[in-house]
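The two complexes that follow have chain A in common; it is paired with chain B in the first and with chain C in the second.
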Partner chain A sequence: MTTASASRTIRVETLARVEGEGALYIKLAGEHVTDVKLSIYEPPRMFEAFLRGRHFSEVPDITARICGICPFAYQMSSVHALEAALGVTIDPAVRLLRRLFYCGEWIESHALHIYMLHAPDFLGFQDAVAMAAQHRELVERALRLKKVGNTLMVVLGGREIHPISATVGGFYKTPRKQQLTALVPELEWALEAALQTVEFTSKLEFPDFEQDYIFVALHHPQEYPLNEGRIVSSSGLDIRAAEYEEHFVESHVKHSNALHSTLRGRGSYLVGPLARFSLDYEQLPREAQQAAVAAGLKPPVKNPFRSIVVRAVELVFACAEALRLIREYEPPAASRVEVAAGPGVGHAATEAPRGLLYHRYLLDDHGLVRAAKIVPPTAQNQKRIEDDLREYAARLSGWPLADATWKCEQAVRNYDPCISCATHFLKVTIEQERP
Partner chain B sequence: MKIIACGNPYRRDDAAALLVAERLQAFGIDVEVCSGETSDLMAVWEDADRVILIDAVMTGAPPGTIHVWDSSVPGLVSGALPSTHGLGVAEAFRLVQVLGRAPACIRVYGIEAAGFELGASPSAPVTAAAEQLAARIAGEIGAHPCA
Partner chain C sequence: MSSKTKRKPKIAVFKFASCDGCQLSLLDAEDELLAIVGEVELAYFPEATRAALRGPYDIGLVEGSITTHHDAQRIQQVRRQCKTLVTLGACATAGGIQALRNWKDVDEFVRVVYASPQFISTLKLSTPISEHVPVDFELRGCPISKAHLLELLSATLIGRKPNIPAHSVCLECKRRGQVCVLVARGEPCLGPVTQAGCGALCPGFDRGCFGCFGPVAGANTAALTAQLLALGQKDYQLARLFRGFNAWSWPFRKASEECEKR
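Right, the complex of A and B next:
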């Protein structure tokens, strides 16, 4: 039995259902949290270092290898940054296809996270397989939704993960209209399934927990953000991607192999579905807005546990947007523009499923990479996850240790963290100090 | 009949099944190569009522040992914890059973791995075992218990 004044530690040696390897350590003295460390011990992967000396044309295929669940976002942030560095203008049909590609990645990633990784927390199952025994329809829906996303990725990228079709200036090969229209019936099913996902998630039980977040996301006047826009925040920031490093600072902390990001003068901030929904609600298509309203969501959403509902609304968006883009698609005259090598510096930010993803490249006269900088969404959210836990763990001081640990893991999974990208397993420790 | 090989060519002995696949394909036998990710694997065996699944395993036996299981694999667990990338062969196996989607007949061949280090070449015992298993499967196809 734990008393209010007792001290204890919550320690999860290996946190499941997150991407990558890390540990969580929380120290409590009574109701006060005295220490929170989200420790990412996965070894650094050195992508920025081994991009140096590579020809710009090799970069998209290398950056696509950073992540198995959101490779296209990595590929696209690099393509856009390199196109900015080299002054490339792309065909509007290529832009449309890139947006469609993002939709495929979002459908795949969001469906998997909502149903297979996050829903078991809310329904009280150890994992999706245990959940499937009692909620077969949910798992069947998740698998079919993921397959829709995968199929889109295969048609556009040549394969489900680590796509090979995108290049600076366009695509090596663009699909025929008929290849895309063949996907419409399954995407129409997916849109219905996404609406059912919003309804399902909106009926889950959420802790009464809100945070005063600084949201950061891309903003585009006409579109819900995927591949371009200005970087805006709920605290008034409104900048070009090229200005990112003037406002955001990366720093090393002893307990993590991933760098912590902060907004200069403001501290931690949040990227991802909650930020996008809160800053870009007006740009959501009608179906997604209606689904959000029916689910009781209105911007800003400050309860991180409700991110599962917001993710479902974004699933509606991704399916509706994919259908719209396929209707509008006419194959471009040329799949890509020729790009001459040359010097330059280029910056870009796009919206990966987990949030804002920033890239910068410096090229020499031969188009070789002299410097590269990649800031993944999970690295940006890392400090914010710790801040959430500092508040949330304090409320769990009277809970049995096993339950408190489970709830802290769930709080981490609100973020769908991709620790692999940020630098794999998460260990959680909650320690209660003895008086 | 569908033969499925799961593995990662960049993680040492995780490439064991891929080595078997290469040799079977050289004999003119069709093999589906798959990362082993649950939903992909389920999609690959979706329409098959008879499946041979080949994967690297760790049971504590000497590296290169060839294991055979029919219809079930006792104590099967993934080496990695479930995640967006990490839902693996074990979860796929459990999931198809829970969902009632398991092939009517499945034989699993496991090659005992020495390790899964990034970027390393397959170990000598595993490479030799892959040769033996390919020859065995090629010879057994007509006599497969599911055939």
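Right, the complex of A and C next:
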């Protein structure tokens, strides 16, 4: 039997239903959490080192390999940073197409996380397959939604994982209008399914847990952020991507192969759906705002467990936005502009499904990478996840260890952490000290 | 039901250094996923489930390359637990993009990426699974082809050899009726020396193949190198071309080193 005064450890050796490998270790003395370590033991892959010496044109194909779940986010952040370094201006139709491509990745990634990685926690299943035995319609909806996102990626990029069409200056090849309009009926179904997803997630049971987050996201005056915008925070930050390193600091802790990010003078912060929704609500299309209101969400959303509902609202956004973009699409005169090699420094940030993703490149006279810096969303959220757990685990002191452990895992999954990205990073351990 | 049901084969998915893309291919088989999981037991698959059943497993799917001492030991345990061991993708079959460290000083790499290099434990080389344990089948690709994965699973479940094409990308390209980017436009393309599997995607998008599926059996890299040099490519450009996601596979490795030496 566990009493509130006992000391114990919550230990998760391999965090499941996250992308990549990590572990969680929480030490409790009574109701006090004395230690929280989100340990990212995913082996380091060192992209920033081996990008040196590569030609700028090769970079988007390489950075895609940081992550199989959100390869396009890595391609876009690097493409935008390299275009900034080389002074490239793209065709407006190309800009639109990139936004459409990003919608495909958001649909595929959010559907995967909402239904297959996160919902089983709320409904008490080990996984989506077990969930399918009782809720087959949910899993079938998830798979069809995911497929809509993936199909969009296949049409635009040849394949859903590591697509091959994006390049500095535009696309190797742009789609014909009919290829995109053929997707409209399925996207219309997806928009309806996304609205049902908001309704389904809004009825789940959420722990009464709110945190005072500093939200960080891109902000664009006219549109919900994907590829462009200034970096803003709920604490008053408003900067260009090029100023990122003046305000954000990465530090290296012993227990993790991913670097911890903090906001200078402010500590941990949060990127991802809660941040975007809270800072950019006004830019959401009408359907998404109405769905949010019906789900009882209004910015700022401070309960991290409600991120599943916010993700569903973003799913509505991504489907509605994809439909709008397809209706407006006219193929560009040329799929890309010629880009001359040369020296330069370029910075860019885009919104990966999990949050802000920052890239910087320094190029030499021949267009070869001299230095690269890549800050993935999960690395930025890593310290914030530990801060959440420090608060949350303390409330679980009277719980049976197995249930407390599962709840802590769920708290980590609120972030849809992508560990593979963060190490270019989960297991849960709760340890209780002797009183 | 009273009739005795046959034991479902246990499948386990293991991850080493990689991007998660190849194992995601299984979840991306949206039309087939529920049918597959009806026939097998997903005994261990951390990306998809909290449940973790003990081995032995009938089929072990391994993604990722070996880059740490810990992983070099873990793959031995994985092999002992799996009746059939299949590698998924370029990392597991050829060392992956992280094998680019193999030509460099890895300690210097760690210093470039990490502020406290002493916290990082990593091997000097990123190596494929087959350099550590016997492998029963290797699925190529960065990422693998979903169709190949489905063929592999169904073939293994009924006990026949998977029917995976072993010809070059060129043949896929011709079958699709695509114009040759190398001959018609003089652009570098690894299609002639790369194994089929992607459906000749890149030439279909007006760009040359960059070798995601690794070297085809009998790849004549010397002939391709000579032709590309004649078309005006430089040695250092070709060295980089061969050093992609399958850089450590022997034919590409040798070709890149020869280009570098000249």
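Here, the second predicted complex is superposed on the first by the 433 of 435 C-alpha atoms of A that agree within 3 Å, B and C clash if a C-alpha of one lies under 4 Å from a C-alpha of the other, contacts with A are read in each partner's own complex, and residues count from 1 in each chain.
Everything that follows uses one rule, which is that a contact is a pair of C-beta atoms (placed from the backbone, for glycine too) under 8 Å apart; a residue touches a chain by one contact, two chains touch by 3 or more.
Not measured: the values here are computed from a predicted model.
Annotation: superposed three-chain arrangement on chain A; chain B versus chain C shows a clash. Once chain A of one complex is fitted onto chain A of the other, the partner contacts of A:Arg159 are limited to chain C, with no touch recorded for chain B. A simple residue count on chain A separates chain B from chain C, and the partner touching more is C. Residue contacts after overlaying the shared chain place A:His55 against chain C, while chain B stays out of touching range.
Contacts of A:Asn150 after superposition on the shared chain: both chain B and chain C are touched. Contacts of A:Ala133 after superposition: chain B is touched, whereas chain C is not reached. By the touch criterion stated above, A:Val412 is placed in contact with neither chain B nor chain C.
Legend: residue contacts after superposition of the two complexes on their common chain; A:Ile69 is shown touching both chain B and chain C.
When the two structures are aligned on the shared chain, A:Ser109 is found in touch with chain B, with no touch to chain C.
Looking at the shared chain after the overlay, A:Lys173 reaches chain C, while chain B stays out of its contact range. Once the two complexes are overlaid on the shared chain, A:Leu259 sits against chain C while remaining clear of chain B. Residues 14-20, 68-69, 112, 116-117, 127-129, 132, 136, 139-140, 143, 146-147, 150, 160-161, 420, 424 of chain A lie at the contact with chain B in one complex and at the contact with chain C in the other. Across the complex, chain A meets chain C through its residues 14-21, 41-50, 52, 54-55, 58, 61-62, 65-69, 71, 112, 116-117, 120, 126-130, 132, 136, 139-140, 143-144, 146-147, 150, 158-162, 164-165, 172-173, 250-254, 257, 259, 335, 406, 409, 420, 424.
The part of chain C that touches chain A in the complex is made up of residues 15-25, 27-28, 30-31, 33-34, 37, 42, 45-52, 67-68, 70-71, 96-98, 100-101, 104, 108-110, 112-116, 119-120, 122, 142-143, 198, 201-202, 204-207, 210, 212, 237, 240, 244-245.
Those residues of chain B whose C-beta lies close enough to touch chain A in the complex are 35, 39-40, 42-43, 80-87, 91, 94-95, 98-99.
Put simply, chain A touches chain B in their complex at residues 14-20, 68-69, 109, 112-113, 116-117, 127-129, 132-133, 136, 139-140, 143, 146-147, 150, 160-161, 416, 418, 420, 424-425.
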